[in-house]
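Here the chain labels run A, B, C, D, E and F in written order, and each chain numbers its own residues starting at 1.
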Amino acid sequence: MVQLVPQLLRQQLAELAANDERTDGRSRWQGRDVELEVDILYNAEGSAKVVMGDTIVYVGVKFDTATPYSDRPTSGSLMTGAELRPVAHRKYEPGPPSPASIELGRVVDRGIRESGCMDMESLCIVPGESVWRVMIDLHVLSDGGNIFDACATAAIAALRTATVPAKRFDVGEDFKLELKSTPVMCSFTRVGGRYVYDANEAEELGGDERVHITLGDEGHLHSLQKGLKGVLMPEEFAEILAQAGVRCAELRELIHSKEA
Amino acid sequence: MMGGYGDIKLLNDDGTRLDGRAVDEMRSVEIKAGVLPVADGSAWVKHGLNVAVAAVYGPMEAHPRKIQRQDRAVIDVRYNMAPFSTSDRIRPGFNRRSREISKVTAEALESVVLVERYPRSKIRVEIEILAAEAGTRCVGITAASVALADAGIPMRDMIVGVASGKIEGVVVLDLDKAEDNYGQADLPMGILPNTGEMAFLQMDGDLSIEEYNLACEYNYKAASEIHELMKQALLDSASRGDA
Amino acid sequence: MVQLVPQLLRQQLAELAANDERTDGRSRWQGRDVELEVDILYNAEGSAKVVMGDTIVYVGVKFDTATPYSDRPTSGSLMTGAELRPVAHRKYEPGPPSPASIELGRVVDRGIRESGCMDMESLCIVPGESVWRVMIDLHVLSDGGNIFDACATAAIAALRTATVPAKRFDVGEDFKLELKSTPVMCSFTRVGGRYVYDANEAEELGGDERVHITLGDEGHLHSLQKGLKGVLMPEEFAEILAQAGVRCAELRELIHSKEA
Amino acid sequence: MMGGYGDIKLLNDDGTRLDGRAVDEMRSVEIKAGVLPVADGSAWVKHGLNVAVAAVYGPMEAHPRKIQRQDRAVIDVRYNMAPFSTSDRIRPGFNRRSREISKVTAEALESVVLVERYPRSKIRVEIEILAAEAGTRCVGITAASVALADAGIPMRDMIVGVASGKIEGVVVLDLDKAEDNYGQADLPMGILPNTGEMAFLQMDGDLSIEEYNLACEYNYKAASEIHELMKQALLDSASRGDA
Amino acid sequence: MMGGYGDIKLLNDDGTRLDGRAVDEMRSVEIKAGVLPVADGSAWVKHGLNVAVAAVYGPMEAHPRKIQRQDRAVIDVRYNMAPFSTSDRIRPGFNRRSREISKVTAEALESVVLVERYPRSKIRVEIEILAAEAGTRCVGITAASVALADAGIPMRDMIVGVASGKIEGVVVLDLDKAEDNYGQADLPMGILPNTGEMAFLQMDGDLSIEEYNLACEYNYKAASEIHELMKQALLDSASRGDA
Amino acid sequence: MVQLVPQLLRQQLAELAANDERTDGRSRWQGRDVELEVDILYNAEGSAKVVMGDTIVYVGVKFDTATPYSDRPTSGSLMTGAELRPVAHRKYEPGPPSPASIELGRVVDRGIRESGCMDMESLCIVPGESVWRVMIDLHVLSDGGNIFDACATAAIAALRTATVPAKRFDVGEDFKLELKSTPVMCSFTRVGGRYVYDANEAEELGGDERVHITLGDEGHLHSLQKGLKGVLMPEEFAEILAQAGVRCAELRELIHSKEA
């Protein structure tokens, strides 16, 4: 039973694809409007809310202090958690972190971490003794499709506007967290046989594999992830990679526009 | 008393509170219904600096079957504080406080929802606290009530979450964070505004019977104020065509 | 099926209530006989057993030392755990703590903690370095109704007769844990439409919401909790609150009678 | 050897043990049946300073279904030490030792209960250790046997839990706490008093074959003594009308 | 930069790597099929110093029923690192990295197995890493493919796990441990050797588009080499009569 | 359904037993051939692989440093973990450690620990501050019967060829872990009514209780465990104990033959 709706949906999506159309009238590489708000949550040292169609996510950044690893005595650390809680969709169930939520957190984390945008050495308090630990939490309130990009966008926006609460920890004056660049994620989903950018809920339900691409300021790749059942040819990847360059630049501009 | 609480002054000389409120004055409250596109019903409540969002899904088939009730729906409530909602980050996962609040909130909501109409089914109520500034359990109950109404779930009344407490020996309405940390008592209630019944009741600290009665009176007064905002939020949502 | 028995039981309880009667012949505000024994368990530093009708609970108090919180360097700490293990009733299942057991532990804990009966400063060993941690464990062996009052009574009795094992921890001589007052819990359940005190197993099965009230020596409220589905009017609460004053005083007297 | 065990003397010069017992002498044992009102069967055993309570529920339907056996009942044993039963408090929850004891105890009891009589059903046996002073797994088995009999579950024999060990090179019956901590071997057994079979057998430490044989002999002697107390407890309970 | 990575030299002056390999040269690979007697299919892969074993069980009934799919088999993959497989012992149990790798590996395998042939059933794939030296997720995918073939599960192609990366600004094939620890990028892929499709794709670090293209080219070359070894292992196993 | 095969198998095994035969032609006290390899795993400081018929197990030994218990300031520690993972048999399910895996780990651990073969004092690094912790992990890859003996054999062989990685922990030069003796386990299963040594998969499926015996170099008992449903008479135990002496000596010789 559960599988019948997707089958009908898949047919419908295939027909739309044949005409190069999408369920909501967008063109193949067109994203939904993105609303981004930053610094909106009391108690979070950095925060952002992203609305993309029916998708709503909040990201909060918190800090605490920790002992550094002995082989990196001056290096702070970064942790990204994701929760796909039952609030976000009928399909999510309570319980320990699902593989889907683990993947979300880890892919967003890798994009930020591997871009080198965060100077881990700048998070040292006392070498060998105390460093800042940056904790990003992705909180999806409404999953209307493409939560990866919504979360990644909110995460980097929250980081770029975050304040390190040094005063609360009695280690000096608060200061702005410094980011050297703005890694941005773009995700593509195979729908009706061909890839589209920023799939919505129906397109994800009736679609196949997806590819998450994180690009840095210079257009270099920092993170890739293919998710879900399905395969792709190298030429297909080359095509979406070219599109990603354009989409990431647009999102980067939006993120920068929110900075004071 | 080193590091004791005796030194914290919570009342101004003119009898007002640190944030300027009168003893029987609520923090500002803002309510919206129908805020989450994919939920069957939802609400957003800002109460002071608290922010709570509630989503309702269902009625749906109750599974696993052992949670089914032959004669009614079960209400499955999850009260959750987002990791970034508090000053110190909260680790996700099992948490005794959240479990207790989820339990008593579910029991309160089961007292007003016409659960007999949906035998063997389940109604999921998800309460997410995005920012916490004292009184989140009450804010969560208010949000859940509006979300249930927004989902079209029949109820014999709404529940309004309100609290009073005691600071420096004086009973006051709606404790804020400092008052909650350094106060002497807290009395959160879930009040049915039409019938005047209580569906939710907790208290801790120290209250004489007289103090309890005054705190209770404040709570009822606040409940009817908040009730107006709840109704307005549902009207606004309906007129936007979302309900 | 499971629900049929309670429906018949509810009818029967309603008929009894109409005649102001109860299943076991008690009057509305009458409790069952309470047997209380203290200091009965080898290895527990404080212990008590309470029998109330078919309900049997043991409570043990243990101590250890811990580092105090940095903002309260001279303050000991208190922890209350409850286990509704499968031994206590056919209805209890193994597994992680159920919401019911968490509520039991937390409500008993709040009554004791909020009454201020325990002088947390008296539990300081070395300021900022070491304090006593008091650990109360509620262990229900037979749930014949009203385990809240049975546990709360046993808990305060076990505390009031507990010895701090300073010698075992090499920090001086053993001494009696000092309690400044005797907070007592009384619980009321709606059965057949009206409240009764100290519900038994059948009354709980066929009853509705219950109210737990903890009163201190002076009759002040220290903890309230409404549990289970159901609502009550302020006048109803006023009525049970008045009864609670009487019942709590009786239990307090019993507890004091067991102290050497 | 700093902090070593060589210095601990466990035998008096006259060959008796620190608490005055002879090498083949048990600690005092007290047994009651039918002690828990809401269980189908129950028992209380005090053995030395150990206190164990066992409850039996069932036979009942076995669920989830995947634990069902077509041709017999399963026996679901939980051996649990109360948090306050030991010198250092035990954290509730998962515990490898308890799991192992639960497993081997269940297997022992399945060897004597006529499980074929109750296909597809489950018998729950709950063993709670309220105070522990060495030998709790044996005390638990004894209590479980009495509780099963008290519940009217048919068995082909009882199981008596007993243990011997070795201290200062001497085989002794029924180790107490100091003897268990500083001794050289422990041999707990579950003995069927009528048939002489062993349903439970563990051992650790160091025993020559001869020492094993002597320890075994002590165990059988103790088993028949405890068996008398078990029978008397059931008689007493029956005559009180509880059984 | 104290303790930084800038000082680590990974390339020799002649352009070869520390272990003497050319930039486009793989570590040695050894593959055996049918190595586990009780599994329906199995494989053993040694790749450099990595050792992975994969077992396949099924197709079998999928339970619990909620994981069943009406129109196809589900593939249940567990990628697990043995506690002793790494320099610091790994605690058994929940592990975010393993969960993610299990998920993407399962998704890759579902892309090649003819899952439509086995509606409502489950195929279990167990990947055990016994020794880890960088690149285990790729070695695991290779082992899983061979084990599935060894179990006679129909597939439209095999998947070969391969990786390239970047060290000291130079793209190289098949990073070893030091190169993985101190390198600048890693691009693991799961390649279908017959169709040239990618069923698995991850990457982290820093790669320009040109560097990506070169790394990709190395991966395809290595995939066809490993594919020959996979086929030979299955032939050998079949000729031993195990397949 | 599940139970029908074992019933038929039990009949078959009873018939074989009546003729003093076994499914694979072995005599009652005859073990399967044992293949033992040591030092085979990169990253493990001690390792062994045992193949006995269709049973294949790997055991790895790892080390780390820890603070000693305050009452034994110079004593290292030993830990044995066992995983009956789903790789090893269709019957094993994922999830937290099963009672069967816990029993396996604990019984193997007790045999080694109680034999006194490991001089815990030789594992002291700095008294009261730092000691070696020895961690044995039993990893069953294929369960074709009698995994207890396979694991115990591999464990003691891995220990006896293990190297303490002092250099990696910056506390001196690597050295060989010293073992004073070679405790060996032999297991017996009741099959078709009588005990046999080294039961195979079919014999375990259609058999009853089993007995695990660990003997030291001098033939002393160091560990006993009866597992599974079933009872035995003291005379039966005496008979298998006598056999255990012979079998353990054979295995001990094999283990010693692999030492450099």
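The criterion applied here is as follows: contacts are C-beta pairs under 8 Å (C-beta built on N, C-alpha and C of every residue); 3 or more make two chains touch, one makes a residue touch a chain.
Please read these numbers as outputs of a predicted model, since none were measured by experiment.
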Item checked: Shortest walk length in steps over touching chains, chain C through to chain F -> 2
Check: What chains touch chain A and also chain C?
Finding: B
Note to self: What's the farthest chain from chain C if centres are computed as the mean of the Cα atoms?
What the structure shows: E
Next item on the list: Could you pull out the chain whose C-alpha mean position is farthest off from that of chain A?
Entry: D
Next item on the list: Averaging only over C-alpha atoms, locate the centres of chain B and chain C and give their separation in whole Å.
Entry: 26
Next item on the list: Take the average of all CA coordinates in chain C, do the same for chain D, and state the distance between these two points in whole angstrom.
Entry: 31
Next item on the list: With chain centres taken as the means of their Cα atoms, state the distance from chain B to chain F in Å.
Entry: 57
Note to self: Based only on mean CA positions, could you tell me how far chain A sits from chain F in angstrom?
What the structure shows: 48
Notebook entry, point to check: Listing for chain C: what residues touch at least two other chains?
Noted result: 96-97
Next item on the list: If every chain is a node and every touching pair an edge, decide which shape results: line, ring, star, complete or other.
Entry: ring
Check: Going round the ring from chain D toward chain F, what is the chain order?
Finding: D, F, E, A, B, C
Item checked: Residues of chain F defined as touching chain E within the complex -> 41-44, 47, 53-54, 56, 58, 60-62, 64, 81, 83, 85-90, 94, 96-97, 135, 137, 139, 141-144, 168, 201
Checklist line | Residue numbers on chain F that touch chain D, as the complex places them | finding: 1-3, 7, 71-74, 96-97, 99-100, 102-103, 105-106, 110, 113-116, 121, 127, 209, 211, 216, 218-234, 237, 241
Note to self: Taking the touch rule as given, give the residues of chain B at its contact with chain A in the complex, in rising order.
What the structure shows: 36-39, 49, 51, 53, 55, 57, 60, 78, 80, 82-89, 92-93, 124, 126, 128, 130-133
Checklist line | Touch list for chain D against partner chain F, complex | finding: 1-3, 69-71, 94, 96-97, 99-100, 102-104, 107-108, 110-112, 187, 192, 195-209, 212, 216
